[in-house]
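Next come two complexes, and both contain chain A; in the first it sits with chain B, in the second with chain C.
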Partner chain A sequence: MSPVTFYLLSSVGIFVVCLYGLIVHAHLIRKILALNMMGSAVFLLLTGVARRGELTDPVPHAMVLTGIVVAVSATAFALAVARRLYEECGRAYLPEEDPEDLSEEREG
Partner chain B sequence: MLSLFFDAVLALALPLLAWRVLTTRDLYRAVILFIAFGLLVALSWARLDAPDIALAEAAIGAGLTGALFLNTVGGLVGRKRSPSRESDESREVAERREAIQSSPGEPVDEVMRPWWVRLALTVPILALGLALGWAVVSFPEPAIDLAQQASDNLEASGVDHGVTAVLLNFRSYDTLLEIGVLLLAVVAVWSLDLGRVRGGQAALSKGLPVLHGLVRLLTPIMIIVGGYLLWAGAKQPGGAFQAGAVLGALGVLLVLSGLVRPPLSDGSGLRIGLAVGFAVFLGIGTAVMLATGELLNYPPASTYGLIIIIELFLTVSIALTLAALFVTAPPRKEQGSKEHSEEKGEES
Partner chain C sequence: MGLIGSNWLVVPIVLPLATATLAMLVGRRSAPYLGLLTASGILLSVAAIGLTVLEEGTIRYQLGGWEAPLGINLYADGLAVFMLLMTAIVGAAVSAYAVGYFTSRQDESGRVAGDSGDRSGSFWVLWMFLWASLNGLFLSADAFNLYVTLEIMGLSAAGLVTLERRQSALSSGMRYLFVTLLGSLAYLMGVALLYGALGALDLATLGELMYPGAATWSALALITLGMALKTGLFPLHFWMPAAYSNAISPASALLAGLVGKASFYLLLRLWFDVFDGGLGPGPGQVLGLLGAAAIVWGAVMAVRQRRLKRLLAYSSVSQIGYLFVLFSLATTASWGFDAWSGGVYHAFSHACAKAAMFMSAGAIVRSVGHDDLDRMQGVGQQMPLAVAGFALGGVTLMGLPPTGGFTAKWLLVSASLESGQWWIAVVLLAGGVLAALYVLRFLNPALIQVKVGPVARPATQNLEVTAFVLAFGSFFLALLSAPLLALLRIGTPFASVLLVGTP
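Our next item is the complex of A and B:
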């Protein structure tokens, strides 16, 4: 196994872990963290793919560079929305994932 | 052998760290782990011969994004929730929610879906992981060798560095749209009007002499580093994005230390600075249509000059955008301070 394969498998691992976390956790900060790391996993996959041939492919590198900047602006927007939601409703959860409903389900 | 071992450990550490980020009880700790995750990702990109994106990830992915998260978690902690929705709820329910909700000073979150949902989820998630894992180890050979094509045409691109050539010449349309996305993100964040919201604005520290001294010391260094990265981008790793990231981080530092006040006069200078990258890029992109008849198809003789001009303005806009996203509040109309022009002068 070449080192590139390690990183390709690692990106799959990160993606899957974060997808699970995204669904399971109710807190919005947690969800945004998971989404951001899923993006990193995709970037890692692209970087690994770029490294497979004998020449390093600059096209995926440029895509990832663009992607990093877009990811930070999307994250900033998501965090701003979360904070506004907190200010309006006093909670950092989506309405259908209210912590008290979830805790009732857990108990009952 | 040793390097193979290092790669294996790094590749294994990344998913484990991601798992820790999502399961740590304390949200502050989760964000710190997230920053560590970003730095390890940057390290793995350095191992994969991608120094350009390793630089950008260390500055933006780990540094700035981490600062954004810390700022938000700080904004959600230690403040009473507004009682708007509790009028029709019984006291008991409110108290229990209070217990679940984070207590001041310790942003604890362990609210998850019930155990049977989690158990049922593990099967499809594991299946997805196995399928994706199988897919990435049995990738087919690419039909078009883009690496070869890019290096064959590097001569015609006006610059000597592959990534810069792709970003600003071969695929400049993508980069143009990306700058548009950045502008859009600032407009969207500003439209949420977090300036009115308590704690919505970045916390400012006043009168910390050590911090002030450090920032005064770092400011010229970071400007030089940013300028160097921009200039170096033509022939080696570096370019507008990395330079913009460094200068954006400088902007955040200046705001945090209170040396530059964020509600910047009527903000017209800031607004122009945010838009100038996109405007210049689009302007040059359409102007070259007169010469070559195609959007963003630069005339061969002046390619290098045009790319440098575009990158210069892109750097200003990217730096200001990243700083503005951190500050979040839009500039106020009624205040008339001059600080902003200083900041702009430094960054351009």
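Our next item is the complex of A and C:
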């Protein structure tokens, strides 16, 4: 197996496992972690792609660096929202929706 | 160059980015003025870019002077300018609305005033970042740059939903954030596969090198899934009703009007410029089927809602279906351009109409204190302008002349008849009837005459006026179809069809 194929297969494997984790886990921190690791799976694929030819291709490296910046900001924001949600309703889970709920008065 | 140089393409991106940063520094008192100034600046620059594209054809600008394989290009063709124009018009209207929205809120009790002051400042910062990312997305000609704009868009849009500190808004914002991040990651995975297979990021180069293979098929599937999730195509719309209805009304208007259109635009751009119409007829048929299902399902759900803003959100599920129908119709045959431009035209008219309807709904909710459809009697007497704006937007959704929705439906229906897929035409027309049903679901109680005494209610005058003006604009959008369709012809992927099809 060539290294690129190995990277490709492990990247797809991590991506799928984390997608599963994102869907089945209810706890917000687990969901955020799953998303974060899905990002890492993509970065793994990109670094693998960079090693296709004789010389290392710098463009995927630049993409990974930018991607890391984006992933850090996204994770930070997701954590902030999760904390705010925990402060407001005392649990770190997304509540089930109740579309027929007409109890609260809305918008001031 | 005629009117402007190609470097003008950076203005609609840099201007709101600079304002977003400045708005953080100047605080909430000056932020609205800064926002309005930026909105007019963007309108002017987009108009200048549009006129130049109309006169001289497409514009390409190489950022930093680096050429395409290595550097990042900005590219304005008819479609990009069309979307920029849509964003500028809806964005300017929402900006004017937001000024009124946050000031009138400060008049209320002290607790609310302190809270809304913070939110007003954050709104302008997030909205300017959102606007910059939208304009950047429409102008980028580089697959990875598109990913960056997509992420800025998703983060600022999720920020706008969570501005409301209520539990329901926070949880739907959180869910929306997960959805939007997942969509962008799927897109990035697709781009990584494309780069692995073709070794390019520039869209034009990718389109030239495209071949059907395992990697490109997987890339197409990942990108399509990601964008369908972000746009809210049935059955991936599960996050949408909550996110749209729980956000504050200016944010709902932006999300429903513009953010959904941006991910749709990205799919459209890649599908026809890079993937050569979806690498065969099969994938387009699947998207078309899902679109048709969305039209019916969204409309039926909208009729069944008991809350005004939820009704509007489900109506968006239905209207997004119209956009995806074009993927099964737009082929290289002679009706391809009709279907393609009909879908894009629908995006424009729906953006204006739905934003206006959410703005009207916001004014109504602000005034009567709830959005329960069963308690709307007499609203038409109290706030005629808001209800009129809602009604005009509703007529656009139904697709009656002279609204923009009519032009869009005309093009889509004629394309589906010409291509022999008459069942699509049936669904499109049935969708219009269902739209009438759910619009009347609000108008019916609202227009009932009741005896009301003089009630003190919050001032919503300028909210109603901005909503009405935008709805009024969308109502007469069909009258502009000739110049707008001429704009769409510039740089369209259906150019070869047009040479045969038009005299």
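One rule holds for everything that comes next: the second predicted complex is superposed on the first by the 96 of 108 C-alpha atoms of A that agree within 3 Å, B and C clash if a C-alpha of one lies under 4 Å from a C-alpha of the other, contacts with A are read in each partner's own complex, and residues count from 1 in each chain.
Everything that follows uses one rule, which is that a residue touches a chain if its C-beta (ideal position, glycine included) is under 8 Å from a C-beta of that chain, and two chains touch if they have at least 3 such contacts.
Keep in mind it's a predicted model, so treat the numbers as computed, not measured.
Of the two partner chains placed around the shared chain by superposition, chain B and chain C are both touched by A:77.
Contacts of A:63 after superposition: both chain B and chain C are touched.
In the superposition on chain A, A:14 contacts chain B only, with no contact to chain C. Using the contact criterion defined above for the overlaid structures, shared-chain residue A:94 touches chain C, although it does not reach chain B. Applying the stated contact rule after C-alpha superposition, one finds that A:42 touches chain C and leaves chain B untouched.
Touch criterion met: A:26 reaches chain B, while chain C stays clear of it. Note on chain A: of its two partners chain C and chain B, the one contacting more of its residues is B. Annotation: chain A residues 4, 8, 15, 19, 45, 48-49, 52, 59, 63, 66, 70, 73-74, 77, 81-82, 84, 88-89, 97, 99-100, 102, 105-106 touch chain B in one complex and chain C in the other. The touching residues of chain B, when paired with chain A in their complex, are 3-4, 7-8, 10-12, 14-15, 18-19, 21-23, 27, 30-31, 34, 37-38, 41, 44-45, 47-50, 52-53, 56-57, 60-61, 64-65, 68-69, 71-73, 75-76, 81-86, 93, 96-97, 100-101, 109, 111-115, 117-118, 121-122, 125-126, 128-129, 132-133, 136-137, 139, 142, 145-148, 150-151, 162-163, 165-167, 170-171, 174-175, 178, 181-182, 184-186, 188-189, 192, 194, 197-198, 200, 241, 318, 321-322, 325-326, 328.
Note for the complex: chain A touches chain C at residues 4, 8, 15, 19, 22, 28, 31, 35, 38-39, 41-42, 45-46, 48-49, 52, 59-60, 63, 66-67, 70, 73-74, 77-78, 81-82, 84-85, 88-89, 94-95, 97, 99-100, 102, 104-108.
The residues of chain A lying in touch with chain B in their complex are 3-21, 23-27, 29-30, 32-34, 36-37, 40, 43-45, 47-53, 55-59, 61-66, 68-77, 79-84, 86-93, 97, 99-100, 102-103, 105-106. By the touch criterion stated above, chain C contacts chain A in their complex at residues 70, 105, 108, 112, 144, 147-148, 151, 154-155, 158-159, 162, 165-168, 170-171, 173-175, 177-178, 181-182, 185, 188-189, 192-193, 195-196, 201, 241-242, 248-249, 305-307, 310, 362, 365-366, 369-372, 458.
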